[in-house]
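Same chain, two partners: chain A is paired with chain B first, then with chain C.
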Partner chain A sequence: MLLNREFRAQHLPWVVLALAILAGLGAWFVVERFRLGEWPGGSTAVGLTLGVVGGVLILFEFLLWPRKKKRAWRIGRVRIWLAGHIWLGLITLPLLIFHSGFHLGGSLSTVLTVLLVAVVLSGAWGLVLQQLLPRRMLEEVPAETIYSQIGRIGRLTRIEARRLVEATCGPTEDERDRFSPDGEEGIDSDEEEEQTANPSYVVVGALRTAGRVQGTVLQTSVPSAPVPGSEPLRVFFYDEVLPYLKSGGSSRSPLAQRHRAEAIFRDLKTQLDPKAHPTVDALAAACDQRRQHDHQARLHGWLHGWLLVHLPMSIALVALMIIHIYVAIKYW
Partner chain B sequence: MAEYPNPTGSSPRRPSGKQRAARIPLNYYKTRDGMGRLRLVLVALAPILTLGWWYGGRLLRGDRADSRVSHGPVWGGHAMWEDDCQACHTPFEPIKSGAAFASRGSSRLSGSDQRCSSCHTGPAHHANQRSSLTESCGGCHRDHRGRDADLNRVPDHQCTVCHSDLPHAIQGGPPEDGPLYVDVASFADHPDFGVRVPSPDGRGPLLGRLSDSGDSPDDPSNLKFNHAMHLAVGIDCNFTFADLSPEDRSRYGQTTSTPIDTPVRLDCDSCHLLDAGDRPLPASGWTPSGGDGAIPSRSTGEYMLPVSYENHCRACHPLTVGVPGPGRPPLAIPHGAQPGELRRLLEQAFAAELLDTDRSRLDLPADRPDPDADAQVESQAIDAIRTLLSDADNRLPGPDRRGAETVGDALSDRIRQAEATLYLGTQTCTECHSYDATAGADPSRWTVRPPMVPEVWFPHARFSHVAHRAVDCSQCHGGATDSKVSDDILLAPASSCRDCHGPAEYARGELVRGGARSDCVECHRYHNGDAPLQGIGALARQVDEEQRRSVEAFLRGSAGAPLSGGPSPPSE
Partner chain C sequence: MSSANGNGAPPVSLTIDGRKVSVPAGTTIYDAATRAFVKQAGDRNPIPILCHREHMTPVAVCRVCTVDVSVNGRQEFRLAPACQREVAEGMEVRTHETSDRVRNAVSMLTELLLADYPDPEAARAARLTKQGQSRGEGNDELIELAERLGVENPRFSRSRREKPIDESSMVIAVDHNACILCDRCIRACNDIRNNHVIGRTGKGYKTRIAFDLDDPMGDSSCVACGECMISCPTGALLSKHHVLSRPPAGTVPAEELAAHPLFTGVSKAFLDFNEGAVVRKHFRKGDVICREGDYDATAYYIEDGEVEIFISSPFKHVKNHRGAGSWNPFALVRNSLLAGRGEDRRDEEMDTEFISIDAPVVLRYDKPVATMGPGAIFGEMACMSSYPRSATVVAQTDCTLLEVGRNVLYILQRGKFSKAQLDERYRQNALDNHLRGATVFARMVKNEDEFKKLVEFLRPRVDLVRVNNGEVIFRQGDPADAYYLIRIGFVKVSQERPGGEFVLTYFGPGKSFGEIGLMGHIPEIRDLAPPGIRTATCTALDHVDLVKIKGEDFRLLLEQFPSVQKSFIDYAITILKQNERMLRQVNEDSLGDFLQQGLMNAQSVLVLDLEKCTRCDECTKACADSHGGVTRLIREGLRFDRFLVASSCRSCLDPYCMVGCPVNSIRRRGSLEIIIEDWCIGCGKCAENCPYGNINMHPFPTGQNVFDEELRRKVPVLQQKATTCDLCRELDGQPSCVYACPHDAAHRMKGSDLAREIGIVATPPPVR
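On to the complex of A and B.
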């Protein structure tokens, strides 16, 4: 969620509410500190109030999860919920540290404190990443696609690239058997993908600009008749391009580096008839798409990896908080 | 990326919208990517692990696993019940009456207090304190603050909840003729220290307060003592080591290199000792004072050992009266006897002297098996002396016996002289004591006013001399070297305490005042506070046999019945 969009409408009310809660309870806490001569504990009136407010806020924070799952419910827009989640979530940490009286206590309260700190910090980290990475992805990954479909898009690209190479170089009988859909080496596609892959086109993502509008479009290349003397293209495809399209950066291919790839493809063109150059360009574009998808995957990992900490620890926090409430009342 | 020209020269064909859409399946969102699957696994594991940790511990350890909710380690003395919450806590009942939504006094003597009282007892602070303001045990003595936490270090607000508004903290309001009620919110508001008539319970009438204006009450001790004279070199009479018995000289500072004619110079430690072992024993041996012989060989060091005649005065002030006759030693007078008792002692001694005999020659039976034999011998001796005094025919032996004075006359004369020495002179009893002589001129009917030197001058507070040992005595007991009258109370007002005890004050970066603790419990106690030599829980030290428990029961933390002498809830 970008904080610079509709900040006043979506965030400001939550910011004011959060600061009002923090300032009010914080002032009460400080007043009690001077009245008691020591930091109030969790069982004092102010300590218990802080604990109750902090607990209610944690439950509200937790409700964002089901709210996202039930987007059709008419209980406020998810963006509004998310704004409340951010600002109220940030004050739970000081409120509950006040509640503790600045003591870690026993193992349960220590675990609770650690979980709370981890949840709030991971959320704050996620918020920071959400401000930075989407813009970076927009700028650096024009071939961005749905993250979960990167693998599928890659497989389709490999199928189409192979067909383009076969069309350019002319398929051999051995290769027809070797790279048949049932046992195609290097292209682990299924039948549906074989059918989805356009038999006549190579489709890759590319950045196109029309006036002020910028976006990703599909680029199509029509297969040509076999080009004489294009055997180096076939060899290069199967030895370098196909492994890279399949494994990406982990293949340790020089194609993973943009400048080296450009040099390699320029060198390849010098060995081929100019009629085969569009195919080389198409393969270069496919490799570029693969690089972008690898980059997108890395950015996606950063953009959503914090949830691997935030979500499980939030659940653990709520579970232990319920236990904490019960035993705190039991041994009041 | 450049557009791909058609190798065959034909124009590029674009895929249809259906073909483009087919590249992304419509149900793509129903399948999870790797990160989504990992997140799902972690989300499922989170409650399993956390609840497993909690309930697994309970399966293994039962209720003792509840110690994981502890605020922190309990005090070292309670460490054996670290895992047994219910040794002190009653489930679902606040252990602190000051807890939120639990009014003060609500848990006084509740289940938790009963468990505390099974080992700890102490009297209530005041019998008339308002119960709604009275905290439970756990409200003041808060545990779970670490092994070394001081549970008696109660924060001030526990005291000032009443003492900042005392009239409203007392049931029925303050008595009209009661003591001065002062609202104290901090040590800065503390009233001047009061001096009371010494009494066993520390609640004697208030004589006055020690103020900075110097308007202090008179010393109530009934003793005459000139500090200035005793602290002067040679005790203001050129008193040298030669005037002391050889056994006492080392006690007062003589070393092997000190000439015998060196004047004695006393200091504070000559009489005021923290420990019985601080000085060599006097020649007569160390004599416990206080009547019960209960002075330990090593005191706690908080309070000075009582000053006694036997230990501190006799070396310079032997109690003797002269006995006529060559080579006769002076008659030693026992300290502590009243004039009537001394009269009988003098009669016996001088009668025996005059008759040139002793009690065995008074024709009295000896070695009687009767347990009251001594009393009967004493009684018969007195009767015999009365007869001597009244019989005009009993004359002193001599060549002209007829003209000699009677034994009774001589006896009366010697007693009169001895009593004049004792009661009218300045060397013996009257040196320190005064008398109630309302019964007439006969000294034997006088009464020595009882010394009432308080063992603890401020019985409602505590003071550790040993903790202040680095400070010169005169800083708090100023004027001792100049005090010539017994009425001076050489104690410091509260302002002198505030020189160290209070908020730190700095001048040009240097500490000039304050810095030491000044909270209430630094000086005051709540339970049994008027018995500073006993301490908290004194009432519980002697436990009835049937209330004692086995080690196993003790370690189980089973809450027994409160010990006798425990706190009683003040009724509203």
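On to the complex of A and C.
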């Protein structure tokens, strides 16, 4: 969630509430410190209150997860929940540290404290990433697409690129064999066919089920006849471009670096008839798209990766907190 | 050309060759003569024409239609071109048959034209032997005119400059020597068919017609529709007969068609050229003639036997509901299913009892089956405007049908005699069905006796008018003079607003318009709309056939049928209030670039702020969760600055998706969002029409099973239905995509508000 000047309306009430809770309970805690001559522990009135409030807040924080899963439920906008999650979550750490009286205690409470710190820090880290990465993605990945569709778009691009090279270089006898060993085209067409062959139902009406997204259309002029002397293009495509389009950066291809890719494509053009240059440009664009999609995948990983830490640890925290409450009440 | 727009002025009386005739003001002398002298096929207009045809805009370049005109007893000094000169009260017209002055002038013109024409006898003989077609047997209008006037070999010598003959086209040969530059082919190509291939090139004696940028006809963008060939008065454009491959089986020969009553008055040359465009088909009882949703550009004429026409798709809409056994008061949606009117009644749902289809019958909502017999024509809209078939037709008995192609149907609807015949068939056989399907007459239908009286009242009072694609039927502010029912095609209803045109709605077959301006004498309407004035502009979007009821007849109708009057008042008040509500919602800004993307047109566009959006896809998932697992938005689309306009229904000001629905099952609510009615046949036309890809087709279980021969077991039948963003109105009116966004990145806004956000337009100063 982006914290900027616009956040006042939905965040301010939560900020005020969080600060009020922190200030009120903090002041009480300090007063008790001076009255008792030492930091009050968890079993004192103020310590217990801090523990109860902290526990309730952790449970509220945890409820964001099921809230986000139940998207059609009308129990408050998720952004309001998230704003509360951020600001109330931030004060759970000081409240529960006050609750502990600045002592780690036994092994369970020590683990709880560590988990709490880790959860709050991972959440804060996620919040920081959310301030930075969406903007970076906007600026650095103009070819951004839906993350889950990157693979499919990559497959379509590879097929288009191959057709373009075929049209420019003309077909060769062993071309199919060279393209087929990895089963690439076979997989693409099989996937489609598998879905349409032998359906276990009859559909009545028009069968267009996906929306049409309109936008800038890449138009490449395809030569009407093969361009003589374009064999280097074919070799380059199968040796360099296709592996890169398929595996991206993990192919260790020089095409993964923009400057090197530009130089390579420039060199390739010098070996080819000018009629084949639009094809080279199209291949360069396909590689650029692959680079951008790799970059998008990396940024996407960072943007959502922290949840792999935050969420499991939150679950563990809630589970251990319940055990802690049970143990505390039982042995009080 | 018949015009939809009359001016309501009193008729004009004049005399042509001593025969009195009374015609509406604005009629040309030639059209008045047609009305006075041509009563049946074979009758001849005393005024000859070469550069003009009834369906063309007159240009008066050949002047063979010149007539002698006297107004109020004073003879005019100059002869007037009858094709262009409008009639006047008390006018006396003398044609070449009664005036020597005119006869001399026309004879001289004809002689001059013949002087530049190849040797008439040789040309005719050459054409007869070379082409073996009927064009030379009397269809050469110049030769015919010369014979009519007794003009023999011209006294003037022929130009020695030989012009080329273009044989590059596979179907039409162009002999520039025979061309008299009447421009009929040019207007036929450009005005009638909108192909814009033929023009003129060169100057003086070198002037000739040309194709595209003076390309040979065969290399040009000519689509070989044949309109130029049938328009040419001299045979300069000739059919290369029998060049094409064998005509399809069942083709009815041109000779037989020419004798067929349906084709009365259609040129035999045209029927020859279009050999194969009319095919006789025999169907056995139970055979499927056509299926709903199919695209075939033909119409059918029933010669013999009976057919059954029906919509087989279930009359149900997509309903999102909680599902059985739901305990959770917060869970608004569990699944999407098909539900009929009995199971789920939606707000603002129309009380439609009859569904208009592309046939001379209507279908009942509760029993969508009807029968048609000999003489009926169906599928005209699918044929003329390439819309999907609106219903399935099955032979009820062994029957014989003529399958008619677009070219031929077009000529049938245009020809004076064939059109008159079709119109009479409509009056006698289809008018009552058409009125049943019209919303405003719904109340009358319940009282059969009164409805019959209504049909009998209207039968002699209706005129059928044809309006071409793009033609304005009437404009906002024009005096109201008639009421219209749409028989075929679609009409755009729009208003001029300070920010540009605002489309109020699109009307399809079975709908009517033009009543508000005629109801100014009724106090309830006078309070809401200016009396006697059109409140909106109506424009034809394709080939539109209208049933026109004159203003005075309409008022008489209201007077004689109080229940119809009440129905019209209720309807007009609803429409006027709905329009007012919609207009209030419309932001009156407009911007060129933004308009190009269709965004200024948007009333509720889903905008994602990409600086805030973490690409978590919660919006898409929420949409799917709210609509039974089927998302109605895709998080991809146009980007403006940092905003992504997601692919989701924008509730456009100009809802193009509504055009072309063969069963009129898509419309806009007063609150602007699109609603799909129960009788959607799943043809996908709306999804195809939406320029933004925001209407999707999804299959829903119908509860029926059919036996699959290949699988050797019963399989469920899924019905495709169109789905689009309903702004979650069926839930609680808060779009789930926005409600579920955790990062405050998803917003619904007007296109003009988005324009302000990205700084295309300045934010208006706050009102103090």
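By our rule, the second predicted complex is superposed on the first by the 285 of 332 C-alpha atoms of A that agree within 3 Å, B and C clash if a C-alpha of one lies under 4 Å from a C-alpha of the other, contacts with A are read in each partner's own complex, and residues count from 1 in each chain.
FYI, a residue touches a chain if its C-beta (ideal position, glycine included) is under 8 Å from a C-beta of that chain, and two chains touch if they have at least 3 such contacts.
Note that the structure is predicted; figures quoted are calculated from it, not measured.
Look at A:130: by the touch rule set out above, it reaches chain C but stays clear of chain B.
In the superposition on chain A, A:304 makes contact with both chain B and chain C.
More residues of chain A lie in contact with B than with the other chain of the pair chain B and chain C.
In the superposition on chain A, A:82 makes contact with chain C only, while chain B stays out of contact range. In the superposed model, A:146 makes contact with both chain B and chain C. In the overlay built on the shared chain, the residue A:328 is in contact with chain B alone; chain C does not reach it. Legend: residue contacts after superposition of the two complexes on their common chain; A:169 is shown touching neither chain B nor chain C. Of the two partner chains placed around the shared chain by superposition, chain C is the only one that A:73 touches, whereas chain B remains out of contact. Applying the stated contact rule after C-alpha superposition, one finds that A:10 touches chain C and leaves chain B untouched.
Contacts of A:38 after superposition: chain B is touched, whereas chain C is not reached. Touching of chain A by both chain B and chain C, each in its own complex, is seen for residues 145-148, 198, 200-204, 206-207, 300, 304. Within the complex formed with chain C, the residues of chain A that make contact are 1-2, 6, 10, 68, 70-75, 77-79, 81-82, 130, 133-135, 137-138, 145-148, 198-215, 300, 303-304.
Residues of chain C that touch chain A in their complex: 293, 312-313, 328, 330-333, 610-618, 621-622, 625-626, 634-638, 642, 647, 681-684, 687-688, 691-694, 696-699, 702, 706, 708, 710-711, 715-721, 731-732, 734, 736, 739-745. Against chain A, the residues of chain B that register as touching in their complex are 1-8, 10, 12-15, 19-20, 22-25, 28-29, 31-33, 35-36, 38-39, 42-43, 45-47, 49-51, 54, 66-72, 85, 89, 91-96, 98-102, 144, 155-157, 519. Interface of chain A with chain B (complex): residues 35-38, 41-45, 47-49, 103-109, 145-149, 152-153, 156, 168, 196, 198, 200-204, 206-207, 218-222, 224-225, 227, 275-276, 278-279, 281-282, 284-285, 288, 300-301, 304-305, 307-308, 311-313, 315-316, 319-320, 323-324, 327-332.
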